[in-house]
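In what follows, subunit A forms one complex with subunit B and a second complex with subunit C.
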Partner chain A sequence: MKNGFVKKALAVLTAAVMTAALTACGGAAPAPAAQTSAEAGPAAEAAESAGGAIKIGGSGPLTGGAAVYGQAVKLAAEIAVEEINAKGGLQFELNFQDDAHDPEKAVTSYGVLKDWGMQVSLATVTSAPGAAVSQMYKDDNIFGITPSGSSLAVIYQDPDNAANPYGNVFQMCFTDPNQGVASADYFAGHPDLGSKIAVIYKNDDNYSSGIFAKFKAQAETNGLEIVYEGTFDDSNASDFSVQLTKAQAAEADIVYLPIYYDPASLILTQANQMGYAPTFFGTDGMDGILTLEGFDTSFAEGVYLLTPFSADADDDLTKNFVESYKARKGGEVPNQFAADAYDCVYAIAQACEAAGVTADMSASDICDALVKQFTSMTFAGLTGQSTWAESGEVSKSPKAVVIKDGVYVSAD
Partner chain B sequence: MEFLSYLINGLGLGSVYAIIALGYTMVYGIAKMLNFAHGDVIMIGAYVAFFALTGLGLPLIPAVLLAMLVCTAMGVIIERLAYKPLRQASSLAVLITAIGVSYFLQNGAQLLWSSSTKVFPAVISSGFFSLGSLSISYLTLITIAVCILVMAGLTLFVNRTKTGSAMRACSEDKGAATLMGINVNFIISVTFAIGSGLAAIASVLLCSTYPSVFPTLGAMPGIKAFTAAVFGGIGSIPGAFLGGLLLGVIEILAKAYISTQLSDAIVFAVLIVVLLIKPAGLLGRKMSEKV
Partner chain C sequence: MRTENTTGKTAISLFDAAHRGRTASFALVILLYAVLRAMQAGGGLSSLFTSLLVPVTCYIVAAIGLNLNVGVSGELNLGQAGFMSVGAFTAVCVSGRLAATLPVPALRLVIAIILGAAAAALFGFLIGIPVLKLQGDYLAIVTLAFGQIIKSLITNMYLGFDANGFQFSFVENKCKLEPGGKMLLNGPMGATGTERIATFTAGTVLIIAALFIVYNLIYSKSGRAIMAARDNRIAAELTGINISSTKMLSFVVSAGLAGSAGALYGLNYSTLVPNKFDFNTSILILVYVVLGGLGNMTGTIISTIVLVLLPELLRSLQDYRMLIYAVVLIMIMLLTNNEKVKTFFKTVRSRFVKTAAAGGKEAA
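Up next is the complex of A and B:
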């Protein structure tokens, strides 16, 4: 009787584990995941908006574990649209849907946006939903540019070989591999940081393992020494004592963390608890660590990260954006996702302007015009100078920043 | 040296599992039900402690006491509202209800406190001592010490007090216990209260070591602790202790010496082997007291 019950319970447990894993997935994988965007709307619908505003669609997690990214993107895009509309000239209208970082919901959102008459799109905020809708953008020939969907799967039909790009889905953020290559180059160019590298990455996450694979290849090319490779996954994302002890035992003086800031905050805290103080080096997923509620930022002191955007930059563009964002978000400093979204809207506006796009054009015509513009133009925004390849991949140089006294300072 | 460091870290992790596992095992021993909402009571404890420490600015001990108070109340209320009406229902119905309560708590927390992670303040000494070239955090040792204290206290309570005897009686035969004048409903409430109070202690230890507070925080430790309880023999208090420690040590050693990717698979493989050989768990069969 009792054993029978325990067996039943174990069966339920198994189900619960799976649910927990899925939940955790939704919670942890969000940020720079993937986005694809496609824009456009069916011709008939677009025609209805003739003389009005160009309809920009987009979806992202406004609820759930990744909500912080979706909300940042939505708010920043709204700010950009308001600013552009206030200037007169081309007018835009934004419709941003919640996809809860769920591919299925992203497909539903896409349908809603198409019914609404979307002509251009910010695609999706995160990668997994992006990968699910890119084909639809392609089929409907709607132009999309994702602020933060960094996975290759967002822009390539064959992401493993980076082949067969959709061609009308562009990225504002770096692709994952670019960051791995840039990191390895940075280490090679700065031998003073250290020579023995340990890597801790999340092996059930495309973002993290994608960066790591490229980093490893480039590190070999550059003759860097990787002394330890540690992994973790959703069910192990709290205890890093083993990975840190191994890195310490291998005498690593750089610990490379191509992961999101949540687990990174735990790694930094646990390293501090055990008195291990190598140079920690993160990628754009590390962005956000300073705004983590309750996090002791002294643990992040001296951490390097690659990011295209620094809210502390003192150019007017950044200052104005940070100010309006803070005013609308209760003083919260915008992160890189917000900056990417803001740039996306401005890039769309710039391209529409240059191509002579008007609100009465069909989504498909707009798409053809924008693809042409994007592949030939240079866009200067919050996240630096961007140009795009025909695949939709952006080219801009990641900047290394180091955290000093709780703020980002440009590293050499 | 490295091995010693892994062992201590494993015992630290295992201690947290053990304290959580006590909640599962006591409730199972007495009410014969699996309280899957237990992991979420830990989450509630973590949030209460977090707000007590950061919002109210309380020192550590009062914050822990407040968290225990809230968790104890939660445990009793959950039992009254969700489980008591199902006392005569099939065990599967109770199990599903427990899962429902678990989701209710997780989503309620998300609604109240949003899904974004909060970082638990470092309130327990974050020092360390050196062990050759490696270092061990004092926090790990404190966790192990608290676990041993809790175990000792609980064992004394169950064996030496009147309520403890009543609990043992209920676990053996509820009908006979009622005939002997024991208020079974009261004893079940006490069990939930103790289990949930311990969950609050576990939450503070858990969050001091892994300082992320988020609504699904209790899910994974809860499942691991439940595994530990089954491993040690569900219903048995020493079993939960042993199961928790072993699970922690196996997990850490598997990570260290076999593969960081396979550690969970190895933990569950060991569980399966143990259950094949001893279906009642390590200490499950022989225990006459099922508290």
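Up next is the complex of A and C:
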């Protein structure tokens, strides 16, 4: 009898411990953030002393293949939050979760952030996870602005027709179609660059194939001649001699590269070895090529790119940001992902101040106030002057720059 | 199976050695479902756990399927994610196509899961025809390749649907949809804008169905043939068992279960990318199976739950969480093979069973 009692007691105890563990993890939603905020990184510590801080959530790849982008965004957002908190006034607190560029992990990250009590969000860094959580931001009516989720699926429920926007998810970067159209328009407006266009794009990447699709359509409208379309994917992103030889054989004098700077640097190097020197034209993914380790920047001379941000600009805002970023990241120069994230936080701060948002307001009230502010305000940041449409799409003009003597020079 | 004969056909003993695992599996699933549902109703379940409910059930079903293949049939399959992918994209397309005509989500979910499972089973059958006739590790090699091929194929597939019907193109998107049309598959972007119709209840029903199928197969004549073929191929052949067709049976069922798991998974997210079902996902499911115990379905369920939850619960450790996850994995592998730990668990289990049996007698 005694033995049986001990066993029963043990069983009950085990069950109780397990339930307690589950609810301890589970019951965080209504609890004060005092404990959880300690985990939210250095940005949170400053905010804690000031009491009520507005909670900014966000997720991005901090591990895995796309980790560079997530880490850049996280660091830049931390810098922005620290700067704003140091000024006094409205205080913010940042909690940035790892989603490993996976929609599934982005959804669980969203759960973590919601349990933490997120009031405003930087949504996600990359597009596919962004498309997975936008519906949740809509359902819970939490305001989100993504620094770099550029696909239409991030802001539209029906991305195929660019219709039915979520309305409370905004973008800080250009949408992919926007860049393709802007590139095609630039070629049409500058016939001196050349008339025969070759495109090399990455066909297993949303960003690249999204830009290319719109570029092709707009090129047809503008009467441009595309003489060669080359593709590559993750598995063969190291050798581009085939694509370059074909582009050369097709006598292309412009090679359009709507791809990120890593493969682009290889293309530039290999073209140089072949002695093939057309005008290379990149999109904002090309930004960062001048700071790539082990890349001879002389190969990038004369390369055009569309970018909203240039780390070499000499205004105070850019200089300060680049300096503090470098100091925190061992001398690494920030790319446009970082700049977009920095702008996101400042845009949220500006809108919160203008709308009189306070930390004790509910996420849903803040969302309604911010949507009103964002669709009516103009924001000036690292990436230029931005305004937003009701769909959440940003409107700012992509600047074409050309690389001369290792720095960006305006190409207009 | 002698126990079954002695106890009679009507009263199947739940606690005898042969069926204890089965009882435990069903009891565990039903108990967990009841507890989680109660917590959800009481508001005690956090957003994080709520968001994990459906994916965990998906991984459990896929792992049960793989355990049938790896544990019971003894064939190594490195492409379970490929079958999930087939099921997931089939289901997403079916659900997207039917969204307008069939407004009942539950019915659409059932149709999508059945078709997803059927599509994956068909692929399993086609792969099995040549490969399962061979001896050796060929299935591992071929399923590994299959997973990669499926990923590449879906990455390059474009399937649109509008008022005029379907449009399909490969490598380059040539679909010109009328306004109001919908891209069901959009190349590397996969499927976007999927209506999220998967539910935890559906997932639990799927697990129970999977357990039902697997246990009935194991305890049937075919199941004994499968295990005989695993343990001694020559002896099994001599008794007249057709090795390739028994192996085919378990492989096709395994693929079908993965397909149904994928279908549920695909319908739980508004976006689904082909890259999700890569080699890493296949290995992850294999890890669930191996750590849970080959042929042990209850173990598979527990290990899947623990290993899916673990990285999420370690989030507070920030940068160190994947490191700790790896250390925990290695620890589990070492500890479950440690003789002392094994003996400890054995004594605990035998005591537990004794009390359960005693309890059963008292109740009777």
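Methods note: the second predicted complex is superposed on the first by the 361 of 412 C-alpha atoms of A that agree within 3 Å, B and C clash if a C-alpha of one lies under 4 Å from a C-alpha of the other, contacts with A are read in each partner's own complex, and residues count from 1 in each chain.
The criterion applied here is as follows: a residue touches a chain if its C-beta (ideal position, glycine included) is under 8 Å from a C-beta of that chain, and two chains touch if they have at least 3 such contacts.
None of these values were measured; they are calculated from a predicted model.
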Touching partner for A:A153 - first (subunit B), second (subunit C), both, neither: second
Subunit B versus subunit C as contact partner of A:K246, first or second or both or neither: first
Subunit B versus subunit C as contact partner of A:G210, first or second or both or neither: second
Partner chain in contact with A:D233 - subunit B first, subunit C second, else both or neither: both
Contact residues of subunit A, present in both the subunit B and the subunit C interface: 23, 27, 63, 203, 231, 233
Touching residues (chain side subunit C, partner subunit A) in the complex: 35, 39, 44-52, 55, 152, 155-156, 160, 171, 173, 177, 179-183, 186-190, 192-193, 196, 269-273, 275-276, 312-313, 315-316, 318-319, 321-322, 351, 355
For the subunit A and subunit C complex, residues of the former touching the latter: 4, 7, 19, 22-23, 25-29, 39, 41, 62-63, 97-98, 102-104, 107-108, 110-112, 114-115, 127-128, 131-132, 134-135, 151, 153, 157-161, 203-206, 209-210, 213, 231, 233
Contacting residues of subunit A [partner subunit B, same complex]: 2-3, 5-6, 8-10, 12-13, 16-17, 20, 23-24, 27, 63-65, 67-68, 203, 230-236, 238-239, 241-243, 245-246, 248-249, 251, 262, 265-266, 269-270, 272-276, 292-296
Subunit B - residues contacting subunit A, complex: 2, 5-6, 9, 12-13, 32, 34, 36, 50, 54, 91-92, 95, 99, 114-122, 126, 128, 130, 133-137, 139-140, 209-214, 216, 219-221, 223, 226-227, 230, 234-235, 251-252, 255-256, 260-261, 263-264, 279-280
